[in-house]
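Here come two complexes built around chain A, the first alongside chain B, the second alongside chain C.
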Partner chain A sequence: MMIFRLAFQSLMNRWVTACLTVLAIALSVMLLLGVEKVRTGARQSFADTISGTDLIVGARSGSLNLLLYSVFRIGNATNNVTWKSYQDIAKMPEVKWIVPISLGDSHHGFRVLGTNGDYFTHYKFRRGQSMTFAAGGPFTDLFDAVIGSDVADALGYKVGDKIIVAHGVGSISFIEHQDKPFRVSGILAKTGTPIDRTVHVSLEAIEAIHIDWQSGAPVPGESISADAVRKMDLTPHAITAAMVGLDSKLATFKVQRRINDYAEEPLSAIMPGVALQELWGLIGTAETALSVVSAMVVATALLGMVTMILTTLNERRREMAILRSVGATPTTVLGLLAAEGGLLTLAGVITGTVGLYVGLYLARPYIDHTYGLSLAIDPPRADEWLKLGLIVAAGFVAGLLPAIRAYRLSLADGMMVRV
Partner chain B sequence: MSDIIVSSRDTRIEGESPLDAVSFSNVRYSWPGPSPFSLTIKKFTLGSGEKLLLVGPSGSGKSTFLSLLAGIVAPTQGRIDVLGTEMAKLSGSGRDRFRVDHFGIIFQMFNLLPYASLIDNVLLPLRFSRTRRANAERDGSLDAVARGLLAALGLDETVIATVKAANLSVGQQQRVAAARALIGAPPILVADEPTSALDRNTEEAFLKLLFAQSEKAGTSVIMVSHDEGLAPHFDRVVRLQDIAVSSRGAKQ
Partner chain C sequence: MSKVLSGLASMAMLIAVPAFADQADHRQLGPHVHGQGTLDIAIEGNKIEMELVSPGMDIVGFEHIASTDEQKAAVEKAKAKLADVLAVFKLPAAANCKAETANVENRKETHKPGEKDDDDDDKPGAPQHSEFHATYTITCEAPERVTGLETVYFSNFAGAQLLNVNVTSPKGQTQAQMTRDKPTLDLTGAM
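For the complex of A and B:
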């Protein structure tokens, strides 16, 4: 107890350097815990990209590929699903709802997704949250479009603006559906999912803009005007994928098996949650790298502390000689220095942890709004407590380094003061 | 050189005396390393309750002598007895405990922990020595004892209330150091040129107050100095070069 009081008073005597050291340790602890929070938040946000959907159905392919193009709008479908297959699946008794997805066009690099009005009610993200409209509403006309918040921000669109959809998915497209412009009917609120970067139109509109096309190019001399197309049968021939909701989750495997075994066309049905886990396993290596870097920062801060204590050691030889003269053993001097390292680290860990939670509390709304990343403010988990404990222990051990040097000096100097 | 004890007022009979606070016999200490140094002391005694001034020029081995006396270093040869205990028989930590129980020590300067209060500085040895703590507690609360000693050494209440020792003048610091050396009545007071940073008048006053307190407690005093002018204040003066042979090897 007395050793701690002396160590504390001695530290207060050098409060500027002590504060800087504590600050360095605090920042490193904030980084370590912060990375952990962001990691958990990112993993959760990733898993929250799609929820409430039991199966995603597409042409036969790997589950990751299907997930990537249907949910993340990355890459392309290998093949389409015929409208008949879609209807067959919709008729299955276990199927509660089914939402078609049609991809292949784009607008200034943002994917255009053809679907129907059910999409806005059935697509859920972040533990069952539904999409909401920041402005306008769903499609009412054939050539209406609902855009995600990133699209609106990036291109500066308001409800009522006209947009032209380009054929193909590149950001620069040479062929545009100029004859059939769309009107922005609604802008979705930020979700933090790929929906933000998507232009939604109706399935019939996708059919309509391609009705006078053949083999991916407009047929010369056969263009059909936007008004004429309204009178035609716009039932799609094929879609890219479909999202399926079931009455009971218990039926998932049964329905999945039945779709995979569908005789008339090779189809794949995947469970989005399982595929997301698989995908995270692939990209999750980056999070390990982050953890390693933050652990190194903690080590650097502790090294800084050791340097600080070592540099003050020479000017403190007198202090140690005084203590020796009043009966302190070299072991007491050793304990004093080790206690100093421990105290500094403890103060740093406490400051850092408190700082992180304050920072988290302040920055959370901004991060959620800007990056769609929801960071949880929950008490440190067991493994985080363990990490914090390990840092304090490491501080004591690191403090031993200068302490051993002080012990040696103290043995050599005795109580004779050398300056 | 001779091994005769030279003294100004030598009334003592040579030889072993059970009353001796300290006795050295045939002590030799050699410091190894690149600049070897050795000090040999045939005989030295400090009587109980005696006030002794040890004079020697710088480099004559005063520091080594004090280190041997306080058990900081152990002699290579010979025997040192302090209050009937042979120092060589004690372990390292045993010597540390023995030192704080039996010695009050005052350095030349910078005696105090600059960040601690005056009272904390004075009470420091009591945290390491049960014997001295018990001695001090006989006279009242520790805080009161410390204040009493500081007052007896000429520090007034406003100075004692000073928050940090670092804010004191050198003369005041030495008085606090004296209070620390005397608290809990250790049998031997060792002072290493405690007045070298003080002017004549302050020095005079300091020694008077110091001795008043040491005599009250029956403490033996050994003070090291290069200044023989202090001799009138002491019972006996010993010149280090008269009792000790020091040799310094050439640097290799």
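For the complex of A and C:
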């Protein structure tokens, strides 16, 4: 204990450098733990993109492809699903609800998604959270659109504004559905999911804006007015995918198999939670990179500490000599310097951990709102405690390096220090 | 007369169309990878439903129709082993689980569950793939104690290397893998 008190007093004597060293270690520990928090937060937010949906049904393809285009609006469908198949699935006794999705058009680079009103009640994210409207409400008219919060922010739309949907999905489009503008009926609150970047319209509207087109282009002189189209049969012929909710989770695999074996049309039914995990497995390598970088930062901070102790060693030869003169053995000197390294690291680890939690508490609402990333404030897990413990141990070991040098010096110098 | 004829014709079509749809040869095959099986687990309330699909290669070491007495015995023995679900997939004793139903089939991959095997490609030695399909229903008195699962599947069946596990429960869906080196499954998030 005596050694620790001596080490502490000696550090107090050089408090500026000591504080800076503690700060460097604290920052590196904050980074190490912070990266871990962001990593688990990102993983959770990713897994929370869709919840409450038991199956996603689309044309026969890989589960990742189907997940990417139906949930993340990345890439395109391999094929469409006919309306007949959609109705057949809807009729299955185990199916509680089914929501159609139709993709293919865009608005200033944001995807337009055709669906029905059930979408807003059944699509859940973040462990069963429902979408809420920041302004306005769901569709009430054929040409109503509900936009995500990013769309509203980026394009400055308010409820009641008129928007024109472009054909195709490029950010610059040459063919627009100019004759049939949409009215913004609602703006959704921020979700942190791809919904924020989507323009939602009704399936019938998707059908309506293409009704006077042929082979994917408008026919000159043959346009049907927006009013005339309201009187026509707007039942869609095909959709891109459908989200399915079941009465019981026990039926999930049965229904999935039945859809995959559906003889009339090659379909794929995927479990979104499983596909999300597969996808994370692919992009999750970035996680490892982050962890490696933060471990390097910790190593750098420890190296800085060793340098600090080593450089002051020369100035402290007299201190060592005095200690020796009052009866300290060279081993005591060794212990003293090792304790110094340990104490500095311990102080750094404690400051860093406390700092991280204070920072998390303060920054959490902002991060959640701006990036849709919900960071959990929970005590360090077992492996994080282990990492912290390892850093303190590494501090002691690093302290040994200057300690051994001091031990040698104190043996050689004896009482006669030639400064 | 022509009316009667057209009436007959349309009736004939009404009958013929569904018949034709039935006859349409619908061909598709699921994946079949030796060494890899799939275990689907659905949990709700105090009920757990499991379905295991494994290539015959993993379970008995061959996939043709069992012809010798020895092969037939091997298939029967494997079926009996797989039928005792709680011995193959051990759930925590505290959960007090009981197997309600267990149904094990060994069938060709081209066949649907329960389909009669009357093809003529069953000659001994004919190249083909077969799979073991097992479905189980389990009830547990304390389902919240089902925190994990341990399996002797890999030590029982020498050809098995990997089980892809899909889990769905009211808490969400997850995917995991059980291997020869790690024959356990964590279910803490699912209950």
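FYI, the second predicted complex is superposed on the first by the 419 of 419 C-alpha atoms of A that agree within 3 Å, B and C clash if a C-alpha of one lies under 4 Å from a C-alpha of the other, contacts with A are read in each partner's own complex, and residues count from 1 in each chain.
Basically, a contact is a pair of C-beta atoms (placed from the backbone, for glycine too) under 8 Å apart; a residue touches a chain by one contact, two chains touch by 3 or more.
Keep in mind it's a predicted model, so treat the numbers as computed, not measured.
Participant: Quick check for you: in the superposed arrangement, does A:Gln9 touch first (chain B), second (chain C), both or neither?
Facilitator: It touches chain B, and chain C stays clear.
Participant: Which partner does A:Glu36 contact after superposing on A: first (chain B), second (chain C), both, neither?
Facilitator: A:Glu36 contacts neither chain B nor chain C.
Participant: Where does A:Glu204 make contact in the superposed view: on chain B (first), on chain C (second), on both, or on neither?
Facilitator: In the superposition, A:Glu204 touches no partner, neither chain B nor chain C.
Participant: By the touch definition at the top of the document, which applies to A:Glu319: first (chain B), second (chain C), both, or neither?
Facilitator: First partner only, chain B.
Participant: Determine, under the contact definition given at the top, whether A:Thr331 touches first (chain B), second (chain C), both, or neither.
Facilitator: So A:Thr331 only meets chain B here.
Participant: Do chain B and chain C land on any of the same chain A residues, and which?
Facilitator: Common to the two interfaces on chain A: nothing.
Participant: Across the complex, what residues on chain A touch chain B?
Facilitator: Within the complex, chain A touches chain B at residues 2, 6, 9-10, 12-13, 318-319, 321-332, 414-417.
Participant: Using the touch rule from the top, collect the residues of chain A that touch chain C in their complex.
Facilitator: Going by the criterion above, the answer is residues 47, 51, 54, 127, 248-253, 260-261, 263-264, 266, 271-274, 277-278.
Participant: Considering the complex alone, what residue numbers of chain B touch chain A?
Facilitator: 63, 66-67, 70, 72-73, 92-93, 96-97, 99-101, 105, 107-108, 110-116, 124-125, 127-129, 180
Participant: Quick one: which bits of chain C touch chain A in the complex? Just the residue numbers, please.
Facilitator: Its residues touching chain A are 21, 24, 26, 28, 30, 40, 42-44, 47, 49, 51, 112, 166, 168-170, 172-175.
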